[in-house]
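So, here come the structures, one by one.
Below, chain A partners chain B and then partners chain C, in two separate complexes.
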Partner chain A sequence: MDYEEGKGLRLKQVCIRPDGVEKVTGHLKFLTDLSFPNMLFAKILRSEYPHANIVSISTEKAEELPGVRAVITSKDVLGLNGFGLIFPDQPVLCKDKVRFVGDAVAAVAAETEEIAEAALQLIEVEYEPLPVVDDPEQAMLPSSPQLHPNGNILHQASYQSGNVEEAFQSCDCIVEETYQLPRQMHAYMETEGGVFVPEKDGTLTVYAGTQHGYKDRYQLARILNMPEEDIRVVSSPLGGSFGGKDELNIQPYGALLALKTGFPVKIHQTRRESVRSGIKRHPMKIKMKTGAKKNGKIIAHQVRIIADTGAYATLGPAVLDFAVEHATGPYMIPNIQVEGYSVFTNNGVAGEFRGFGGNQVTFALEGQIDRLAVKLGMSPLELRQKNLRQAHDPGPVGQKIAPTDGAQQVLKQISQSKLLNSCRKQDHNGLIKTGVGVAITMHGGGLGYGRLDPAGGRISLNEEGKIEIAFGFEEFGQGLLAVIEQIAIRAIGCSREDLHIVIGDTYKVPRSGSSTASRGTSMVWQAIQRMKAPFQNSLLERASQCTDVPVSQLKIGEKGVWHQDELLISYKELAKQTIDKPLIIETRFDFPATPCSIPGGHFLYSFAACAVKVEVDLATGFVRVKHLEQAVAAGPVIFPQGYLGQIEGGSVMALGYTLTEEALIEKGTYVTENFDTYLIPTIKDVPLSIDITAIEELCEEDEYGPRGVGEIGTVAVAPAIAMAIYDATGIWVNKLPVSREEIVNKMMETEMSKWLTSK
Partner chain B sequence: MADKQMSSSIKLPSEERMRMSIFVNGKKKELEIHPAARLVDILREQLHLTGTKISCGIGRCGACSVIMNGRLVNACLVRAYQANEKEIVTIEGLAEKGLHPIQQAFLEEGGFQCGYCTPGMIMAVKAILDQYPNPTSQQIVDGLSGNLCRCTGYSGIIRAVQKLAEKETSRLDSKC
Partner chain C sequence: MKLKTLSSKIWMPTDLREAWRLRQLLQLESHFIAGGTLWQTKWEKGAPQPSHLISLENIKILEAIYEKEDGGQNFLHLGALIRLADCLRYPIIKAKWPLLTKAVKTIAAPAVRNLGTIGGNVASTIGDAIPALLVMEAKIGCFDGDDIKKIDLDHWLNEEFKDDLITEIVVPEISAPPSYVHFYQKIGRREAFSGSVVTIAGIIGQNDNGTIDFARLAAGGGENRPRRLRITEQLLDGRKVESALLKKVHEAVFSEFQPAGDAFFSADYRRRVAANIVIAELKKLEEKD
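The block that comes next holds the complex of A and B.
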């Protein structure tokens, strides 16, 4: 194996990422920075109502505005008027009905953005408003207005083992609680956008960020009624995504307008447009009933999840499956019953978001464990230890998984945290209280059983004599390029200057599947392991043929192939001499899935444990996270700076989820429209240092290498903070973001009753 | 007919123009532009300096941060008439050649991931260090509180600025 086993001390290693210089100098062109000669600007008209019939649309006045080049409505959609990663149920342009305020009704291309904006105001749409379905539980009732032909339940998933009802009878201690999780916004700094260029030969080039260029190409081909091969999707770099740009967003409009006008068309959504139209994390209401024996053995766990999936499907079904699968986390519980519903409403659209349903259920699950621990008078760590999975236990839905000791490793590591034993200081007037909390999590990688999850890559010696590594993955900040570079250098034995890495362009890359579900690093490593030997052998054979030195005496190194400490033939020369027989190695394989037929069931898991220390100001309800630690078990670290960055960044994103972030919708309309009311953490809100420990050891027989860490750092933070708040104040948080008002009110109640009783 | 009149009578603000000159990264630029055009659009669209980014458009994120007459401003809030005759430094003007020490520190400490907040963030760091060569944690945090980063959680940024401050300290120490 090609990674060096270490103890996680390498996280501080300095290594400059390949895209670094361009980023710090501002020279990197994001796709929303591009411009082309004669480029037009487009704007999209979104629905005025969260739910309405469209009576009529008149675009004449807009078309007559000087400078307007095209106005499109549903009748201009050349192929399928729909998109969606699972079912194409979201209209590109709505014809007779709108189901959320981001639904597109028309779009305009004009000579300037300003003219396009003015033209939107001249489009007359007559609506007939319909009752707004804004409560998922109401939406499940037969009396509710039905948003889609098959009703309001998009998806239902369940898991059962043993008999919970019977088991609850024999429990000594039962905790029952309902948890509510908010609609979080990805808040990638670069809003959706790009440029769409009709080429002279009738093809179309799409420059727009996504997490999966080929999937965009597939969806666009359906919409444009064009062969996939005639569409080129250039999809990297992106200014952040976090799951939010995996689904199509502005691409259909730019593409249709470019084809209609014959000119390049640029769209770059404003933040308000982005908030209104973009997907969000699923708000969930999770009811859990968990029972244990006096000795701390948890024997029954019952879960009901209702997810507000908003107006369209996108990845709603998969997110729910993930939540159901992870509802018992790393604990071995004999009697389990989980049921989940993903329900349509007029509340925006919820879809893929870093953590993928795991964040919501983990908040609830860990909340249950902490409440049980308090009730049983046991330490939360001890209770976790008592019920924790061992290396060879089955996965959370009883499925066969790759053996992993991650749960034990992270719990052991976090138990040693100094934070947990640090002193609880109080300020002199007792208004600031300190508390600590811990939570752990287990998170599946890849798309899971029964889902097409192909991966692949290519290594070649290109004409310029570079070792070209190509993957159909995208770079949205996570450090994929650095990961490819590090893995390739170590596997092949060349230097970074010998490499040419190609990603994010369907004309140039093989299919690798989506850059999602923490699969990128894992798939790059596995692909290169598969291609390494054939590539090296073939390279050496060629070198041998060109130089007449036997293969056994040759070695791959910096700049070329070496013989006894001497550069024998450079890659450049080798490429030149073998130009008629190019060296290309490709691989295709699937992300490893569990053999058990559980829809979406995972096989590879990573683990994290988080410890936090908070200060709660009782007078204002303000919660400040003073320190945060995470221990992560996800196999070997490939690119230390990237690994660290993923966990630090993920921690802070989760801190926002816990304390301040909510894309608030009232009666189907967004109340939070920009960063003045949607509050992501600033540098003032974060602990000044976050300590991360990487646990790199895998089980002995493990052959799957490094796991991705894009999501795992976001999962255990919220429940750890909630526990710390309880520790500080005695208040249990069951709804996020934590309400300052509630803390103040509850404190007043307790203080008041203390005062009254003392009288 | 009446409708037609209405549509052509929509008056676009851009039809009014003023002459302005600004000094961007040391070069004088003359422009004919609407007095209320945003500086961020002038930089990105007229002058093709796309290093300066746009994200919130309302002065809350700092992606558009540039230095104007020595002070950090949000270019999405500055209008053409306010920028007239002013000196602007953007990320493109930070280092004449090679890398500025701030850029080097960001590279080494992981002060960025997607890189979209980075130009604004680096300009904000420059503004801090121009004012306080050896900033305290409080000064760093205050100075960067208007710059949002969604990727890094700020840890790498804090490490980068601390590293710069340490270098400054040891430079001062070795002087005395």
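The block that comes next holds the complex of A and C.
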């Protein structure tokens, strides 16, 4: 990897993350690797149809199969038969209706996985198939079958400013286009699973990955009709999530079966089961009409978003709010009208996914800017610059936000990219064309206005003499432990060996909210800033009391408290001498949201600009991304490799989204059932050169520190690739994944005669 | 981690006759298996496992690999059990049968090539090695219970599927002058480790005055059984690369190659791509002129 002098140098620093060695050597045990004595294995029976009434369910034959210990149906749900992060509209076990092919109808616990599987075949379910609602636009019509009591529109969101209709009248140039975005799968390495252990004291321990242990506990308590305190959720580490495991998945079935049988129960979904039942990124159809004056000033922007949210709500409403909020991105446009609909269909379930609606709407928005630039005869960078927000401008929905110059910073940085001015090479046949493209984005962090978004943490000196730092966040590969370690070492002044980090266990950690919405790094930093002075003061006072050296002469350092360059008292000794009076500092606060009353409106934003160079093979339509650069403005870098990993990994995930990935559904049933047809990028599809620049400077009055970078790297890649394809071929891509077939067909129309001419 | 076990009974014959006898005995309830990589993908998709699997892995004769002259021509004999990865390991194959090397490199991923065999790739009737083997006019050895019979691969593929036990692949060495173009292209859904959308191979040669005097083309991909494009070959024979020919060849490939489409790529896309690649190669030939 190349770094130019003076930029991005910090990204070269190397330190080993706390969980690094165990992970790369394969020694780390994930929760799905756990085993307990007398453990049973569970399997879940999913619906045969995308939409049907259940006439009857008979479990007798399955129950009689030797080795089967329990079969559960909706009758066995002890409490609320429903789950969902916003409202619980998804049945744990369907009673009379199924709305997608992943709907659970029954579940079995047996002595082996094979017996459980065989028992599923013996459960007799009689269905009455219903018409499949597979097109969100059709679903919005009153004539469509209604999937839920309140109709097929899950959520509606809008934003308006000025008067677009009038403004379009005075535009010199208008671009109108409809963009279609695919259903992407998270494709985490570890599929959903865990072990559920009924304890002797009547409590239940849940070992299952999630992004928010406390939220799982809350949802499970409702389902099991148990006090929350009687459920312990152990939830880290996970083999990836990307938003896909924030919602409950297999936990209700494992928990119900464990309580019913009295034995530990393990569930671990196969990839096919995961594809069928798991949530996906929202497919969206986005229509945009954008108008500008001759000088490039954009004055009107009209947007209509239709999101296919599938069968149940989960975070569908919030994803739509996010898309509506980000529909104008970092551009200051006086007349805006955005309306969005999140619509129920029988197409799986769409929910949380890295980027959270921003990826879809940014693809459309940046596509509009590029089309306008071409129509106006202006450079795409210049057009962006002309309309870009300044540091103290309001946010995209007119709301007050923390001052930020990120948009200007990333655009300036990417404008200097060498690849934008690199020479265009053509092969001798003229069949391979090269093009470059740029896109930028801004992305809100945290859950936003009007949503409970608590954070917090705890620092203590534990009995073993370790400085124990506890958070309710989860480690799913993003490098949370390294972030906590780095922030803590710098803030407190101890060494990494002095620390003991505790996460992922509701019996041990404070509430910090969900590990989602790029909030982890930000919340860890803010929590530690709040706790460091009280902790340090208290630690030094205790050291002073134990040693009779005045606090003013003491310093916190490696292994303990130091006096005049000598270790005066170790943390271990200090803990021993103050064991009756444990030192514990806790903090609770909320993720900052805009004070303006806009549902989900954000306050803290990060920014990214992406430049790519592609080669398009005209004979096959194959698009190869040869080089990719990103400039990211998200505040100070905490853990350099983690930062790089997030942006590089995010770029690759977005490359897949752009070129190959689509969880294809036909008539409510998945066509892509596994990784042989759902294709994520391999190392051969990834450009050998990915250059990342971190812009660390924040505005002077910005006191919020580093932002998380879990999502920002995924957003600007697709529109940059689309622009590069246009640059290479003159073909505008308005649908992802990019259709090679369309490229070949269009090129045949325009280049055929030249092509079929001999020299 | 708990490993899933096969429900099939596994037979491990040590010679061809025993393998053949088992197959006759167990009939439809059995299958031959070598590397098992293709079967694994089918089972993963929910295909039932047969009651009996007759593994060919212990039949030593199927591991032979050698060169042999016959009637003035040099042949590569590849035992059916030769692993795909091993095909890439012999410098002699790379030097004398470069199309085969090129083809095998595009099959699946390294871990799969360590298990998968050349015989299995051919026996599948849709393997990515087949188009390359077809343009080299390879033969296969088939054991019929008594003898090993040599059959043209092209002929065998055109037959209805027979219950054959493939013993070896025999590939003639084509000593082509430098004025020939050899090509093999697999267009997958991504750069590597992907099923084929279109696979096309060819050898086209021209004499000193630029007249095409050698043309073999074969195309396949996806679930489509690869086949020679003989009408296009005939069209090329005796002609010079010129605009009129390019247009006709493009049309010929498009009409002669009749693959089925799927949810990801239509039949027409596959036909266009095949035609485009042939044109691109003809242009290369023109460059050599």
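The criterion applied here is as follows: the second predicted complex is superposed on the first by the 744 of 759 C-alpha atoms of A that agree within 3 Å, B and C clash if a C-alpha of one lies under 4 Å from a C-alpha of the other, contacts with A are read in each partner's own complex, and residues count from 1 in each chain.
Keep this in mind: a contact is a pair of C-beta atoms (placed from the backbone, for glycine too) under 8 Å apart; a residue touches a chain by one contact, two chains touch by 3 or more.
It should be emphasised that the depicted structure is a prediction, and the values quoted were computed from it without experimental measurement.
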First (chain B), second (chain C), both or neither touched by A:Asp33: both
Which of chain B and chain C A:Phe622 touches, first, second, both or neither: second
Partner chain in contact with A:Asp676 - chain B first, chain C second, else both or neither: both
Which superposed partner A:Val410 touches (first chain B, second chain C, both, neither): neither
Which superposed partner A:Ile743 touches (first chain B, second chain C, both, neither): neither
Which superposed partner A:Ile432 touches (first chain B, second chain C, both, neither): neither
First (chain B), second (chain C), both or neither touched by A:Met531: neither
Dominant contact partner of chain A by residue count, chain C or chain B: B
Partner chain(s) touched by A:Gln478 [first = chain B, second = chain C, both, neither]: first
Partner chain(s) touched by A:Ile469 [first = chain B, second = chain C, both, neither]: neither
Common interface residues of chain A - those touching chain B in one complex and chain C in the other: 33, 674, 676, 681-684
Of all residues in chain A, those that touch chain B in their complex: 14, 16-17, 19-30, 33, 35, 60-62, 64-66, 112, 114-115, 118, 122, 186-191, 237-240, 242, 268, 270-271, 476-479, 641-642, 644-645, 648-653, 655, 674-676, 680-684, 686, 688-690
Contact footprint of chain A on chain B as seen in their complex: 3-4, 6-8, 10, 12-14, 44-45, 48, 50-58, 60-61, 63, 90-92, 94-95, 99, 103, 106-108, 110-119, 122, 137, 140-142, 144-158
Sites on chain C touched by chain A in the complex: 1-2, 41, 44-46, 109, 187, 189-195, 198, 241-243, 245-247, 250, 263-266, 268-269, 272-273, 276-277, 279-280, 283-284, 286-287
Parts of chain A lying in touch with chain C, wherever the complex brings them together: 33, 113, 272, 428-429, 431, 618-622, 624, 659-660, 664, 666, 671, 673-674, 676-677, 679, 681-685, 740-741, 744-745, 748, 755-759
